[in-house]
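What follows is subunit A paired twice: with subunit B in the first complex and subunit C in the second.
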Partner chain A sequence: MTDTLWSLIAFVLTLAILSYAIGDNPLFRIALYTFVGISAGYLAVVLIDQVIFPRLITPLVNPSTASGVMAIPLLLSLLLLTRLSPRLSFLGSLPMAFLVGVGAAVIINGALFGTLFTQVRAAGLSFTFPQSVSSGWITGMVLLFGAITTLLYFQFTGRREPGKGIVRPAWVEWIARIGQGFIAITLGAFFAGVILASLTVLIGRLDFVLQFINTLVP
Partner chain B sequence: MVMRSPVATAIAIGVGLIVLLGYLLPLPVLDPIRRLFLDWSIILAAVAGLVAILNLFKAHWRKISSSRERDYYSLFFILGFILTAALGLLFGPTDERVRPLIMSIQLPVEASLVGLLTITFVVSAVRLFALRRSWMSGIFLASTIVFLLAGSGVFLTSGTSQVIKEVLAALNILPAAGARGILLGIALGSVLTGLRVLLGMDRPYSE
Partner chain C sequence: MSTVVCPQCGSSNPSENEYCQWCHAPLHPEATSGVESPANSEIDLPDWLKEAGPLIPPLAESPEEELPDWLLSLRQESKTADLREEIQAISSEEPFLAPDPEEKLPTAGDEEAAQADLFTPPEPPEQGDLSGWTRGFEGEEITEETSHATENTSSSSLSEEELPEWLKTLREQEGSLAQKPFSARDESIPTSFAPKSEPFTEEILPEWPDDLRTPSEEEKEAEPPVSEAIAQEVKADKASTPSPETISPFTEIPEDITAWFEETPSSLLGDQSSSALKSPSSSEEIAQFADLITTSETPEEVPEAIPAFSEDDYAAWLDRLQVEETLEGEDLSNQVPVFIEEGVTETAPSPETIVPPFIESELPEWLAEEGSPAEETEGSAIPTTQLPEWLEAMRPVEAVAPAPPQTPEEDTRIETSGPLAGFPGVLPGEPEALRYSRPPIHAVRLSVSEKQRAYVALLESLVTAESTPVPIRSQKLVTAPSPILRFIITVLLFAILIAGLMSATPLSDLPALFPAEVVAFTTTLNNLSTQQANPRVLVGLDIDAGFLPEIRISAVNALSDLMRQNARLVFLPLQSSAPILGLSIAQEAAQQVPNYALADQSVHLGYLAGETAGLAAFAYQPRLGIATTLEGQSAWDTQPLIGVDSLQDFDAILLITDSGERARGWIEQMRPSFPERPFLIISSAQAAPYLIPYVQSGQVNGVLTGLLGSILYIRLTPKVGSENLALWSAYQWGSLTITLLILLGALLGATQALLQAQKAHPKR
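Right, the complex of A and B next:
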């Protein structure tokens, strides 16, 4: 009985969301607001249950751990909560600065070792000796050429000319145009991937709707 | 020029440099400090998330209590939020009594929204081509159609000629090249943004 009730709720909500295909309507909005409310509530619970309690409250309550050190994140957390009050929100800039500082360092490290070095190394792999067959070389050259032209597209340094604004050298302009083509192809491929993925999910939802109707019809 | 929030700037630069040096230099003294700072930042990120959620709740509460621009839809947000938060805090987020809220409300709505994207994307792609007929949008649309066909599996049948398979394999290199360029661009941009924060040129934390 309870399962049927929950399935009915899922069925009604699915129809309410899909009804947006014929235009914005109150049913869609009700489903959306309820969804956002439940998601926000669940996320708050997960943050409290999985992070704040085990990492902050438990070490503070437990006398065996270094409670003194944990006073600093507790103080920073309390300062961060002042962001909820417009009058005291200036106090929240200190924990935010801490967060931004650590975040910047993590981002630099991740970008350098996670993307920059690995991608540059991968770009050169096709030209290493054990794999230096002709097809590997051609693939490597296309990949390298595409990556360089794509990067050059985002290079906006040029000479200021009266009436024209910033003008890039003609050769950069040409290479950037090729890069623009590579970007268009890449975004098109990504777009196709997203459409295919969302289409699969849509088919899943429509299948659920049909199955639920089948259970209602004797 | 008077520097705004010098203490906050000093904290961001100091903490950021310690963590970055902890990553880059193999010094035993820096590693525990880096780990400690990372642990604290996880706690602070969770509290920041909580503050953001409470701010959202406040905004919706204001909407239903305001006499001038009352929004009755916000009532559904408030009800959903309170119900989930109360049950979750009482029984825990993985409890059997909380799970139906996720499985029968959050998951179907999420999946339906993703499904709805199909229609939105197709309509917007057609509009893009109708409004802006440039060579860039032409390549974009052609690439979308080619990779839609390739991804749909129509060329995976045994009847497909070897030439088409070779052409598709060659075509797959093109988006990989562009993606590598975009990835490198994002990485360079991230390094630059991070360095601007660590040098105190950008201060997104100040009032």
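Right, the complex of A and C next:
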């Protein structure tokens, strides 16, 4: 019975969301606001139950060696709350600076050592001896050519000419056009992936609706 | 018939007239003015003035009778002016003197008369003792002076008939000039050799007359005159010669003046002529002075600084007189000195432009040692470029910086107020520091090379181009499809998908080619148990609930395969909804493996906050990242996590995500701390373009993306349930429909653009 009730709610909300196909309507808005409210409430509960209490309150309540250390995030959190007040918002700059600085450092470090260096090295793997087969060479050449032309597309240094603005050299312009083609293919792949993912989600919802209807219809 | 020259207009009048018949000016100003003589006026002087001494210094104190006439007149005028100013200053303080200081003071005429009396020796020689030509000559000069300087002089009659021809010519010319207004004359040509009555003060006068006078007196005493007769004549004539202001033109010119003039030796002529200028005592002095003047090159070196009445001019003029000896029939211009013919304006020489008329040998030693300013300037003009650079750098700023321009103080400044009024060269009362001086003007021009100018021009063009508005191309408005069209497309797509689900007839058979990443994923996942029994697998849940249907199939099948290998599963959610989704997926997978103890072999950690930073913290030290399980228990005391201290304690990482960005974060943060271990990803189809490069680079061992990945994994693992052909059929029909819709929309858009282009350009 419980499953049937939750399935009914899910069915109604699904139809409400799909009603957007005929335009913005109250049913769609009700479903949307319901989803947003439930998600926010659920997130708050999760954060309090799984982050604040076990990671901050519990160490402070239970005296241990980590209690003093936990006072630091507590202080930073309180300072972060001061940003709600215009007069005291400057106090929140310290935890914000800490968050932004640490986040930037983590992202940059990961991007350099996890993506950039490894991808540069991988671009040349097709030309290494163990993989020096014809298909590998061709794939490597296409990969290298695509990488070079794509990077040259983002080379905007040129000479300013009267009436034409900034004009890049002719050879750079031609190579950039090829790189533009590679970029278009890449973006097309991303777009296709998004469409296919959305199509799969839609198929899943329609399958759920059909199954629910099948359960209603004896 | 004797004539009298009018002192006002210079015209000749009969001696009987008291007033000029041309300008009606009094011909005898002394007689008509009624001003008392200085001797009489001395009675009217106030007591304080009497106590101050005589107005005119005694003759013995100032041997001014030996000075040139023009200089005497200037000095007398200067003294008179100074005395008048002094009296005025005093009278302003003492009101009893204020009413009429002119009455208390002798007028210029009186003073001149007094000077004439004072300069007159006790026993003046008789007129007959003087040479007639000398008197006539002096009379001519004085007449010119008096007529042009409009001074009050006593006129004397002179017979026109008794004048020689040359003098008559001169008078006629002079008369013609006098008839003209004085102001209309050419001022550049002085009509008198005497200096104008400009307010020269004694301090600006050159000192050379005094220097000349002193040795002449000494020589007078030391050396006897060359000819006593001539000296007596000269002395008598000098004594009888009044100042230009007081002397009256002689009335008669002897008839034998021409003859006498011819008989006069040149030396005497020179002596006589020069005696009117500087009164040398002997002909030798005249000759020496003439030699000095002729050998002096100073005027030639500085032609623009010719003094108004330098000795050269007088010497040239006198020499010309000596050579020509007669002036009959000559034009007046012949008597004009050279500097007048050259059009030199007779102006008062400034202290800077006064050129000493003496050569350096005549200067005293102490003065000669100082050198001329020009020489000092040349000597001190050391070019700065000769100094080495290090020395230039060590120079103080004051030495390099331009000195503030200081206006040279004029020595001619006369105090105008206060008790020292009238005295020249008075030290200023205010300190020098308080004087305002114009601040130094520094050059603001920069020395810019052509290359720098080119750069500046380029920069200016860039800045100008940036600020210049550029017309933006009109972008075509992308209009959303109408609601009807949108509804039609929606209905069409829903119908096709539902038809595909219900029919379960795909357009084509299931794919027979398997991508390498799918094969690698399947092989790696199913071989974990071969490398490590009961492998500990970290299952990352970084997925939104919306994309779960796409991932659910592959995720459930992958987890069930792990459960079959009795793997210890540790679920680590990074999204708020991920823990629930993880539980759901795990429970569904566990349904396929009844023997697997889900509660014992798996643990659901709590939400990992911080996203990328949380991942980095967990990768660095897992115990710091997560403390409790989803149920609130201590996470690291659970069975799957016993003995885990680092990320290296896990045998594999399985990431379930729907976002390529999040998958990249996992790879970047986890992979460096987890090398050479299986890293598998189950993702949505939209994350495939992100993840494939990492698979090719070896950072990810295998990837299952989207519904296609699920289907392929099911086909590669036949032990896992049946193939869901309904979803695959709907997926194919839906993909085909979307592709056709995109192509149809592109075709319609191209057709519409072509039609618009034809409308815009019909000729094309």
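The rule is simple: the second predicted complex is superposed on the first by the 215 of 218 C-alpha atoms of A that agree within 3 Å, B and C clash if a C-alpha of one lies under 4 Å from a C-alpha of the other, contacts with A are read in each partner's own complex, and residues count from 1 in each chain.
Keep in mind that, in the parts below, contacts are C-beta pairs under 8 Å (C-beta built on N, C-alpha and C of every residue); 3 or more make two chains touch, one makes a residue touch a chain.
Because the structure is predicted, anything quoted here is derived from the model rather than measured.
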Quiz item: Taking the superposition as given, does A:51 touch the first partner, subunit B, the second, subunit C, both, or neither?
Solution: both
Quiz prompt | Greater subunit A contact set [subunit C / subunit B] | solution = B
Practice problem: Give one of first, second, both or neither to describe whether A:93 is in contact with subunit B, with subunit C, with both, or with none. | Solution: first
Practice problem: Report for A:71: first if it touches subunit B alone, second if subunit C alone, otherwise both or neither. | Solution: neither
Quiz item: First (subunit B), second (subunit C), both or neither: which does A:167 touch?
Solution: neither
Practice problem: Please work out whether A:121 is in contact with subunit B alone, subunit C alone, both, or neither, and reply first, second, both or neither. | Solution: second
Practice problem: In the overlay, answer first, second, both or neither for which of subunit B and subunit C A:22 touches. | Solution: second
Exercise. For A:216, select first, second, both or neither according to whether it touches subunit B, subunit C, the two together, or no partner.
Key: neither
Exercise. Would you sort A:80 into first (subunit B), second (subunit C), both or neither based on which partner it touches?
Key: first
Practice problem: Could you say whether A:61 touches subunit B, subunit C, both of them, or neither, answering first, second, both or neither? | Solution: neither
Practice problem: Take the contacts of subunit A with subunit B and those with subunit C, and give the residues found in both. | Solution: 21, 39, 42-43, 46-47, 49-51, 55, 102-103, 106-107, 110-111, 114-115, 119, 122, 186, 189-190, 193-197, 199, 201-206, 208
Quiz prompt | Contact set on subunit A toward subunit B in their complex | solution = 2, 6-7, 9-10, 13-14, 17-18, 20-21, 29-52, 55-56, 69, 72-73, 76-77, 80-81, 83-84, 89-90, 92-112, 114-116, 119-120, 122-123, 139, 142-151, 153-154, 179-199, 201-206, 208
Quiz item: Which residues, counting only subunit A, touch subunit C once they are in their complex?
Solution: 21-23, 39, 42-43, 46-47, 49-51, 54-55, 102-103, 106-107, 110-111, 113-115, 118-119, 121-122, 125, 160, 165, 186, 189-190, 193-197, 199-208, 210
Self-check item: Touch list for subunit B against partner subunit A, complex
Solution: 5, 7-9, 11-20, 23-24, 36-51, 53-58, 60, 73-74, 76-85, 88-89, 92-93, 98, 100-119, 121-122, 125, 136-137, 139-148, 150-152, 173-188, 190-191, 193-195, 197-198, 203-207
Quiz item: In their shared complex, at which residues does subunit C touch subunit A?
Solution: 461-462, 465, 470, 483, 486-487, 490-491, 493-494, 497-498, 500-502, 546-550, 552, 576-577, 579, 606-607, 609, 612-613, 616, 627-628, 630, 632, 658, 664-665, 667-669, 671-672, 684-689, 693-694, 696-699, 705-708, 726-727, 730-731, 734-735, 738
